[in-house]
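One chain, subunit A, appears in both complexes that follow, with subunit B as partner in the first and subunit C in the second.
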Partner chain A sequence: MKKYLAVAKATWQEYLTYRTNLFLEVIGGFVAQLVIIAVWFSIFRDLKTEIVAGYSLPEMITYLLGAGIINSFILIASQGDEINDDINRGKLSGFLVKPLSVPFYWLSRDLCRRALTFILGMGEYLVIILILSNYFIPPFSLANFFMFCLAVLLGGILHFFLFYIFSIIAFWMDQTWGPRFVIRVIMSIATGSLIPLSLFPANWQLVFNLLPFKFMAYFPLQIYLGKVSVSEIILGFSALLVWISALIGISVWIWEKGLKKYSAYGN
Partner chain B sequence: MIAISVKNLSKNFEYYKKVPGLFGAFKSLFQREKLITEAVKSISFSVEEGELVGFLGPNGAGKTTTLKMLSGILYPSEGDAKVLDYTPWQRQKEYQKQFAIVMGQKNQLWWDLPAMESFSLNKEIYEVPNDQFKKTIDYFSNLLDISDILNVQVRKLSLGQRMKCELVAALLHNPKVLFLDEPTIGLDVVSQQKIREFIKKYNKERKTTILLTSHYMEDVVQLCQRVIIINKGGIIYDGDIQRLIDQYATHKIVTITFKNDIAVDQLTLLGEIVEFDKRRVVLKIPDQNVKENAVRILTAFPVDDILIDEIKVEEIIRHIFQTNK
Partner chain C sequence: MKKYLKIIWIFSKVNLQNQMAYRPSFFLAVLGKATRMLILILLFRVIYFNTPLLAGWEYKDVFLLAITYLTVESTILTTFHRNLSYYLPDLLKKGDFDFLLTKPLNPLFYSSFRIIDLMDLTSSSLVIFLWYYYFTHYASAFSFLSFILYLILLGFGLIFLFSLLVIFASSAFWTINATGLGRFFEDIIRTGRFPTDVFKGAFSFLFLYVFPIATIATVPSKAFLGTTNWPYYVYLVVFTFILTLISKKVWNYALKHYSSASS
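Moving on to the complex of A and B:
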């Protein structure tokens, strides 16, 4: 454990030397989210209604602000690049000779970066929340807030393993950027961070329900706003845990296979 | 005690032939030609504890592949190896804590951080106690003269400074076995010399078993008593480096500078002409004739200067590689 804390500490310092880059990454998502918020303001104004698809204006704004904060935790453009490069450029060899678990090394670095972009994102969104405080709704209950935090954290882990799997395919492919780009495109809709998933036609919702992405933004925000029942929460968390376990299982299997290939062919 | 023992170790790499062009790439989706390279062919050797052995060979000879197998990065295709009684490719933590590998072409230091941060990280990874860590850093800082660069970002260091720090990072946990893969590659002559002196001293003081690869002859001649020469995956010489020199150095190199221009045909009887440039000639003369021929040259020609040298070890090695094609 101490080893991985040391990895996290060094990673933290490394990212601080790139603070401008990190800041810009978070700012980019932030601006996009502000545009979406402005759009919803005008939709509510033009439709002259109180409720759109079960959301009041404050609920919608709170949903989008919350989604923005979650995005700073999971929407990282270069997600998986480092793992891909470590494998393809043979840097992995240097890790393999050390008494260290390489997947845990990557996970430590990843969580560290998430924490950093999250802190930056929090800072930005807190300003907007203050400005829009009339439209910002506090969590449904304290219990809901804790479950919301837990769901966000688990969603982040789910996100890591999903991209991790598509990064260690680098054992067989020279570049894994393509598949990861496709996931990112799907993710931008299917997490529900731009539009709540309940606004989509029924067929689409059926598909989104089968995908793991809704656990990254939509599910935690539903808990925050108190729009789901206790049984739905329990069901959701169970499904989330099943997804995480399944992805971990698959990733371990691919890792072992990949390592065998790496040891056979070298890099 | 034997630290490293290698028995009939082989490594084959399989790969698919790449056909150039778009059509070729498309065709290879359906039909691929499998090729096999034998990077290491059934090599055997053993290294005693505390020995410093040079692993010599041209590019692609199989040196790095062998070191990678001994550090557990690669599985062998056949054969067996034991380092400190461990099978390297099982990658046991107990083994990993007792050896280190330094690859001259790859760095383990974190590029954007000062070297000291990488050292601290290795301290945790290898679970080095605090006081030992401090003592080791002090020891290396003095020996390598790097105390003033420990807190400078690695990317800002020169190649020589970086290699020194790479060595420190690898030696923090006081490994019993050390693999050095081209530790002096790309360094200037002064830095090369410093790294060599350090390796020599370290081996003497700590009794660390060191296997060193290089294609710089000087590294091996200065550091190692024993040399293993490898070419095209096979060992072609394993033994004392001096014996190798004695065995092959049957000639001397005589360089003569004349006061006037000389015609080349006058010299052909005296020895094999290696170089000729009007007033300067380089001759290769068999050992037993050197004295006699030198006297003849001095009396028969207007000699300005005459130099008699041993054949360079590089020449010997080149000769061995060429005759072993």
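Moving on to the complex of A and C:
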């Protein structure tokens, strides 16, 4: 554990060197989210109604602000580039001879980057939460808040393993940017970070329910707002854990197969 | 002009060969880019599933706005966006910019159009289909003048974005790593995918006059739909002209202060 903390510490310092870049990445997403909020203000103003698709204006604003914060924690850009490059440029060889687990090394670096973008994102969103404090509603209950935090954390792990799988296929492919990009594009809508999934027509919701992406934003935010029952929360967490276990299982299998194929090309 | 068009054609061919070296990734990226375009249409579909109007815009008009935005986005992604946002800082970091300066070409042209992204160009065929869909399903009668005005405004939107990006990219001569600005720029232009009429008060002023994101899609689409605002067009012409001059000055200033790295 100690060595992974050391990796995290070194990664933290490395990313802090490029803090302006990270800050700009996060602030760009922040501006984009503010525009969506303006769209919903406009819809509620035009419709002159209290509720749209089961959401009051404060619920919708809270949902979108929460989704923005989760975005800065989870949905960061260029996920998996480093893993792809480490494998394809032969840098992996250097890690394999060290007394550490390479996937845990990558996970430590990933969590560290997430923590940094989360802090930057949180700072930006806190300002807007203060400005829109009339529209920002607190968590449904303290228990819901803790479950929300747990769901976000597990959503982050799910996200890591999903991209990890699509990065370590670099053992067989020269470039994995394409499949990772497709996943990112699907995620932009299927996580519910752009718009609550319950606003989609029923057949679309059916598709989204079959995918793991809703656990990254929609599910935690439903818990925060108290829009899901206890049984739905239990069912949701169970499904989330099944998805994580399945992805870990698949990733271990691909990793072992990949290592046999690895030829340290480029080293 | 002919020489530069020929060079762009050569850049395209070379880049197609490079990108096709990773065929599965190329086709998946094209699929992803096309899906991203459809997601914008889907997003509006879902919004209109819950409301009949968005800031006074009907769905068919927002469809036009969306494909206008996608046309602009595809154009800049295929041409200068990544060149200036990501590849230029990379050239500077590795010291390869010196090599670029030795070419008998305008450095700004070379830096902006060196890599023509064929993935974006291929996925742009979907934009053509969306235009066909618009004309066959939603478009009502429009005048020839509106269409010409639409094209001119679209051109001004592109010049505005190019000038803005040149200013952003010039900062790479000092900061070296300016990729964060590229991502920031991407997110900022995405603001243009919604009608700027959703903004009220100070924000409306900001996106119309100070940072006229409205020029990307809202203003041309309105012109196409027959709503003209001549005083604003005059402002836009003056604004774009001044911004272009500033970007040229900033670029030249950055070039003068360039000191090679790594090489």
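Here is the rule we go by: the second predicted complex is superposed on the first by the 262 of 267 C-alpha atoms of A that agree within 3 Å, B and C clash if a C-alpha of one lies under 4 Å from a C-alpha of the other, contacts with A are read in each partner's own complex, and residues count from 1 in each chain.
By definition in this document, contacts are C-beta pairs under 8 Å (C-beta built on N, C-alpha and C of every residue); 3 or more make two chains touch, one makes a residue touch a chain.
Worth saying up front: this structure is predicted, and the values here are computed from it rather than measured.
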| In the superposed arrangement, does A:14 touch subunit B (first), subunit C (second), both or neither? | first
| query | In the superposed arrangement, does A:241 touch subunit B (first), subunit C (second), both or neither? | reply | neither
| said: For A:185, using the defined touch cut-off, is the partner it touches subunit B, subunit C, both, or neither? Pick first, second, both or neither. | reply: second
| task | Would you check which partner chain A:51 touches, where first means subunit B only, second means subunit C only, and both and neither mean what they say? | result | neither
| query | Which partner does A:23 reach: the first (subunit B), the second (subunit C), both, or neither? | reply | second
| query | Should A:3 be classified as contacting the first partner (subunit B), the second (subunit C), both, or neither? | reply | first
| query | Looking at subunit A, which partner touches more of its residues: subunit C or subunit B? | reply | C
| task | Please write out, lowest number first, the residues of subunit A touched by both subunit B and subunit C across the two complexes. | result | 18
| query | Okay, in this complex, where on subunit C does subunit A touch? | reply | 21-22, 24-29, 31-33, 35-36, 39, 42-43, 46-47, 49-51, 53-56, 175, 177-181, 183-188, 190-191, 194, 197-200, 203
| note | subunit C partner, complex, touching residues on subunit A are 18, 20-25, 27-29, 31-32, 35, 38-39, 41-43, 46-47, 52-53, 77, 173-179, 181-182, 184-186, 188-189, 194-195, 199-201, 204
| query | If you look only at subunit A, which of its residues touch subunit B in the complex? | reply | 2-3, 5-7, 10, 13-14, 17-18, 90-91, 93-94, 96-100, 260, 263-266
| field | For the subunit B and subunit A complex, residues of the former touching the latter | value | 13-15, 65, 68, 71-75, 89, 91, 93, 96-97, 99-101, 103, 106-108, 110, 112-113, 117-118, 120-121, 123-127, 153
